[in-house]
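One chain, subunit A, appears in both complexes that follow, with subunit B as partner in the first and subunit C in the second.
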Partner chain A sequence: MNDTEKKLALRKKSRSQMIWRQFRKSRTAILGLCILTVFVLFAVFADVIEDFDTRAIATNQQARFEAPSLKNLFTENAHIFGTDEYGRDVFARIIHGARVSLSIGILATSCSAVIGGLLGAVAAFYGKKWDFIIMRCMDIISSIPSILLAMAVVAALGANLTNLLIALSFSSIATYARLVRSSVVTLVGQEFIEAARACGASSFKIIVKHIIPNSLSPIICQMAFSSSGMILTAASMSYLGLGIQPPDPEWGSMLASAKTYIWSYPYLITIPGICIVLAALSITLIGDGLRDALDPKLKD
Partner chain B sequence: MKRTVALCLLLALCAFTLWGCGQEAEVDGERVLNYCLDGDINSADPNFRTLTAEHNLYRQIYEPLYFVNHDTGEMEPRLAENYTISEDGLVYTFEIKEGVKFHDGTEVKAEDVAFTVEQAAASTYIGTTVANFESATATGDYTVEIKLTAPYASFLENVVQLYILPKAYYESVGSEGFAEKPIGCGAYKMVDRVVGSSITLEAFEDYYRGVAPIKQVVMRIFSDSTASAVALETGEVDIMDISTANYEKFSQMDSVTIYQSESPHITCVHMNSEVYPFDNPLVRQAVNYCVDRTFMVEVALDGLGTETSNIVSSMMFGYDPNAKTYDYDLEQAKALIAEAGIQTPIDIGKIGATAFGEKIAPILQENLAAIGLNAEIEVTDSFIDDACKGNYTIGIMGLVVYNGVAWDMDAYSILFDSDAIDAFNLPRINNPRIDELFELGRSATNEEDRLAYYQELNRLVQEDSGWVMLYNSLTNIGCSNDLNMTLYSPNVIYFYDCSWK
Partner chain C sequence: MYRYFIKRILLIIPTMLGVIILVFTIMSITPGNPGRQILGSSAPQSAVDELNHEFGVDRPFFVRLGDYIWGIITRLDFGESWRTRQSVFVEINARFPVTLRLALMAIIGEVLIGVPLGIVAAVKQYSPADFISTVIAMMLGSVPGFWLGLMLMLVFGVQLSLLPTAGLSTPAHYVLPLMTLILPGASGLLKITRSTMLECIRQDYVRTARAKGAKEKSVIFNHALRNALLPIVTVCGINFAYMLGGSVVIENVFSIPGIGAILVDSINMKDIPQVMAITILFSFTFCLVMVFVDIAYSMLDPRVKAQYQAAGKRVKKVKSGEVAA
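Let's look at the complex of A and B:
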């Protein structure tokens, strides 16, 4: 390793360290990170904690509407969040539902960011005709309210998890395309791109090596904010019956089926509701912290 | 200064909100009756009847020849004085009351009755209720003669329940104009309709049985059952169809009385008899044995339903108590599957349902898995269309087997007759004997023969078992405690019978 490379590595490290140091300063961001970590851990280890088939899916006529309690903890009859109208354990359904809700949030955001980002970059980099065609398409997409667009996509393709993912990603492509295009347009005119071009770098290499890394921070912020929105949209789509199919658990569909019991068994609707709020809130808090940390103007 | 303005605005807002709550509670010192409708009506013209909500409105503003009381089985005269049926069952003659007035002051004449029957027969919506209709003529001012092309056993019960329309007015304004400003001879006049929000009725002063005790009724539309339940609790509405989840809450409430009646609404599982493995009657019977009806009633209706495995309601004419019934018996179901030679477990595809069937779908899925038939659940709005076209394997459907008038086996032809394949004969039952029995029952004039035909039909359908009957619903009407009300089966309320205590 020669000197320059060492220096580069050091600078890279210190850059990420700097972001972390900045991020750490925000107490709310750390709180968000903690909540999200808990959710992610439960989601990842859902199968270890509660068995899917016997606890989250299998019905039990004798155990309907058991109130939340800490009785029988660590046994088969533990229902810390109670049981629903079929006698299924609500806690098991919440953590298995977390898998669906969180992965929809993350995957849909990543998909739309990658596709939208590429389209935006291509539009800005090649300009002229391509710019016109791509950006007018994005205008068309963004002229339709995103939840309506997602509903139309699901209605056309059929209601299941994959289609919901496609629908949600598709409906927010335009935001990323616009965001990336605007930051790339300013970058393309700058000297270091021209220098790279003069050195004979291919367009692909310029986009991947120079343009994308330099326009990353606004995208990351946008992703953090929109994944909380995605979780909410996914929940509302499932609430409307346009997402995951029963009997599989998902927070939104749990809300929908619990709404008839809002008076008789209020815990059924409260628990998934709180989970949705917490998940969306924690991601928003993280996004807030990241934006401050990534903003060069706020650097000490 | 700013703060004062803000405070004033806030007070004004509160005042308006409160004023909104108390709105329309009283008109001219008379308490208004607020009735909750589950959804808006499509048309106020009875010839376009498709919804239960519409029926609830028509009953108030129009009057039939007879009121058929399903609880007693009797026909109580309304506009008619009496009727005669010719020996061959082809000519029906009705004498109608003199001096009955429509809301516009004109008198109800025989030609109005004849016109009503003609219109109904021509209607695509309610035409089948007066099948075999040939002609209707007013032979005098108060005598009408209706001729049939062939005997039709349910004709009398159906025709007497048609809502009599004013010929002259209907013809002058046309169907659309009539739907906008309907005129009947019922106890109430429709004075205002705000689409999607409310329908206002006012007592008709010249009603022939005397003016109604409650002068004004507002039928308010609530599309959300939680919102309407709150409205009943706060006294904003006085009569409401309450959901089973709220039953317990309201039964403990002193301000609300609950009335119950039989409902013609049934919940069924249906299997496509043209698709493997349900082309085998043994497999269909196995499914009949494996469904856990008790659990389904508990989950879907909070226990407020009647489990039964005979698809023909015991209240229907033609019900056979000796037809095959199916009680939950897992061993029997497994034995039938083995007898059918099916290698279990097998994947049978999808359990189709609309949002209605979503509640019981997971239980059906488990029950089927218990006998080795594995299926995924798919809930879509388009399921009804797919099921009618036969693009499904097994599904769940809620049905009202009741043409709005007669409680007669004839109504079931839409579920069992081979003519109804590609319509609501969802299991695609194609049994020539069943078709023949419907024909026989329709044209028989002797009650005993008809009953025999229909009971054979009931037995055949139970043997075929393409329909898995699960349970009958009950109608639960919540009513303010200070209101006198009478509830007739199924969910029939006349505001005319209501009065304040």
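Let's look at the complex of A and C:
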């Protein structure tokens, strides 16, 4: 018994190593991973690098609209990305905003993947009545354009971070339910599931041990792509004033307040925007790499 | 065949009913009551109660839901806006054509730019043209629409002073919003065209066509593209529907008096009936577009058409079998 477990562990390790080997081959995927790592590091150590209250929130009328410069780089007055209309340091707001954006991307994606995935698995596994009820509900959810659905949820609950998360997760449940359902439906018909059932495995055990591991790779790819989409949608919602509320720093709401100054201080528009693009792009690149690495057809 | 289409169109009805119930339920879980939210916390309770009574929100949930659905079915009545106290269609009728016109122009632009570039990229795979267009498409895919709009505004409106940046009064005003809508959509279309064309070009029937001496142009357009059209049409349909949603943000950037502007205003002012009506209207448009996409499938692809016909026949057979039994 112990021996088989060891063997299993070994096989598992080699599988992830194989994926990593494939993934490493793609230069763009590695580039995406590097960019994302930089963002994650800045987001994690945001409080160490720039103090939240004094640099990102407190207004400073003397230091309004300072242009980006490398002057005073290692002093307290460093403004490498300049300052905004309240004299707040743009760099500090960017890295604290990265915290918000990245966590929205991760949390909203995982919530919708878990809930949607479970619904899809239940629909496919129990079939018939459950399948019909759940999938018709998913049809209804997906026939409302997702950003509108998110807006409706925010309109009902009020605009703040938690509600934005609920709205974003809710609006993309249907994608995961469909995805998981279709892969489970093909799996359920296969012989190894039948064999497991013949050995007396419970439905729960079959789902957890056999179905989930085998249907994971399309879900992982979809999660990578949709988390970059989530970051973009969250930024759009905040831009419209339906997400994170000022003065809290968020890339979209920074752009919204900067729009007034587009004529005189364009750097307030370009810098947060480039951050959104880089964050979304890096995740997309990683998703592309993962899709290729997880594709069983390309396995050698 | 036609039976399938009629069935497909009739299926919109239960879906829309579901959408109405879903949207109504979401809008009813508002914490607190609408009267209090509109009047503010300092207003006397009597005034709040009166306003709630006027809006009818003091009645039980299922009564309101029933009334709402009944009103829509019998009179196409989506209620009155709480802000203007007029039918919600007063604002929608004034603004929807603007949004629809923009979306239609944008989808045409997308197809004209995205599909040809995708074909070129696939036919000349690994050429500089392929590389450049793929990279640009990938970058554009990660750009949020509103920031693209702001950047175009910055470059063409502010720095170069070439184009106007707000409103829609002259043709020149359309250029920037349209570019903002077209570029990301066209890049998505380019990606899907390129990948499906690459798949089709490698198929045996394309090799056969080449082998029998068909002209390269005919091989690409009649043999490869014809077979690659299905995913392209799907993406066009989805893009069009999402453009209606995405235009909410773009209209805000360019101060366009479209339906997106009232949607955001209505959300901020807690004008629930207006928000519901717009959401339901957009969902209805989305469903319609998806039906058109389905119908377009069968026109484009004889295999799909045959499937529909076969499905119709099967139903008939089963029914006659039942009668016989």
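Please note the rule applied: the second predicted complex is superposed on the first by the 297 of 300 C-alpha atoms of A that agree within 3 Å, B and C clash if a C-alpha of one lies under 4 Å from a C-alpha of the other, contacts with A are read in each partner's own complex, and residues count from 1 in each chain.
Here is the rule we go by: a contact is a pair of C-beta atoms (placed from the backbone, for glycine too) under 8 Å apart; a residue touches a chain by one contact, two chains touch by 3 or more.
Model, not experiment: these values are computed from the prediction.
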Task: Partners on subunit A (subunit B, subunit C) - clash or fit - done: clash
Open item on the list: Going by the contact rule set out at the top, does A:A196 touch subunit B (first), subunit C (second), both, or neither?
Closed with: neither
- [ ] Quick one: classify A:I220 as touching subunit B (first), subunit C (second), both or neither.
- [x] neither
Open item on the list: For A:V114, using the defined touch cut-off, is the partner it touches subunit B, subunit C, both, or neither? Pick first, second, both or neither.
Closed with: neither
Task: First (subunit B), second (subunit C), both or neither touched by A:W263 - done: both
Task: subunit B versus subunit C, judged by how many residues of subunit A each one touches - done: C
Task: First, second, both or neither for A:L31, with subunit B first and subunit C second - done: neither
Open item on the list: For A:R64 in the superposed arrangement: first (subunit B), second (subunit C), both or neither?
Closed with: first
Open item on the list: Just checking: does A:Y86 make contact with subunit B only, subunit C only, both, or neither of them? Give me first, second, both or neither.
Closed with: first
Open item on the list: Once chain A of both complexes is superposed, is A:S143 in touch with subunit B (first), subunit C (second), both, or neither?
Closed with: second
- [ ] Could you tell me if A:Q245 is touching subunit B, subunit C, both of them or neither one (first, second, both, neither)?
- [x] first
Open item on the list: For the combined three-chain arrangement, which segment of subunit B clashes with subunit C: 27-35, 171-179, 387-395 or 459-467?
Closed with: 387-395
Task: Residues of subunit A at both interfaces, subunit B in one complex, subunit C in the other - done: 158, 241, 259, 262-263
TODO: Report the residues of subunit A in contact with subunit C in the complex, numbered from low to high.
DONE: 136-137, 139-141, 143-149, 151-158, 228, 232, 235-236, 239-242, 252, 255, 259, 262-263, 266, 269-270, 273, 276-277, 280-281, 284
TODO: Sort out for me which residues of subunit C touch subunit A in the complex.
DONE: 14-15, 18-19, 22-23, 26-31, 138-139, 141-147, 150-151, 153-154, 158-159, 241-242, 244-246, 248-249, 252-253, 263-264, 266-268, 270, 272, 275-276, 278-279, 282-283, 286-287, 290
Task: For the subunit A and subunit B complex, residues of the former touching the latter - done: 57-59, 61, 64, 85-86, 158-159, 241, 245-247, 257, 259-264
Task: Sites on subunit B touched by subunit A in the complex - done: 225-226, 229, 243, 245-246, 248-249, 292, 294-295, 298-299, 355, 358-359, 361-363, 365-366, 376-380
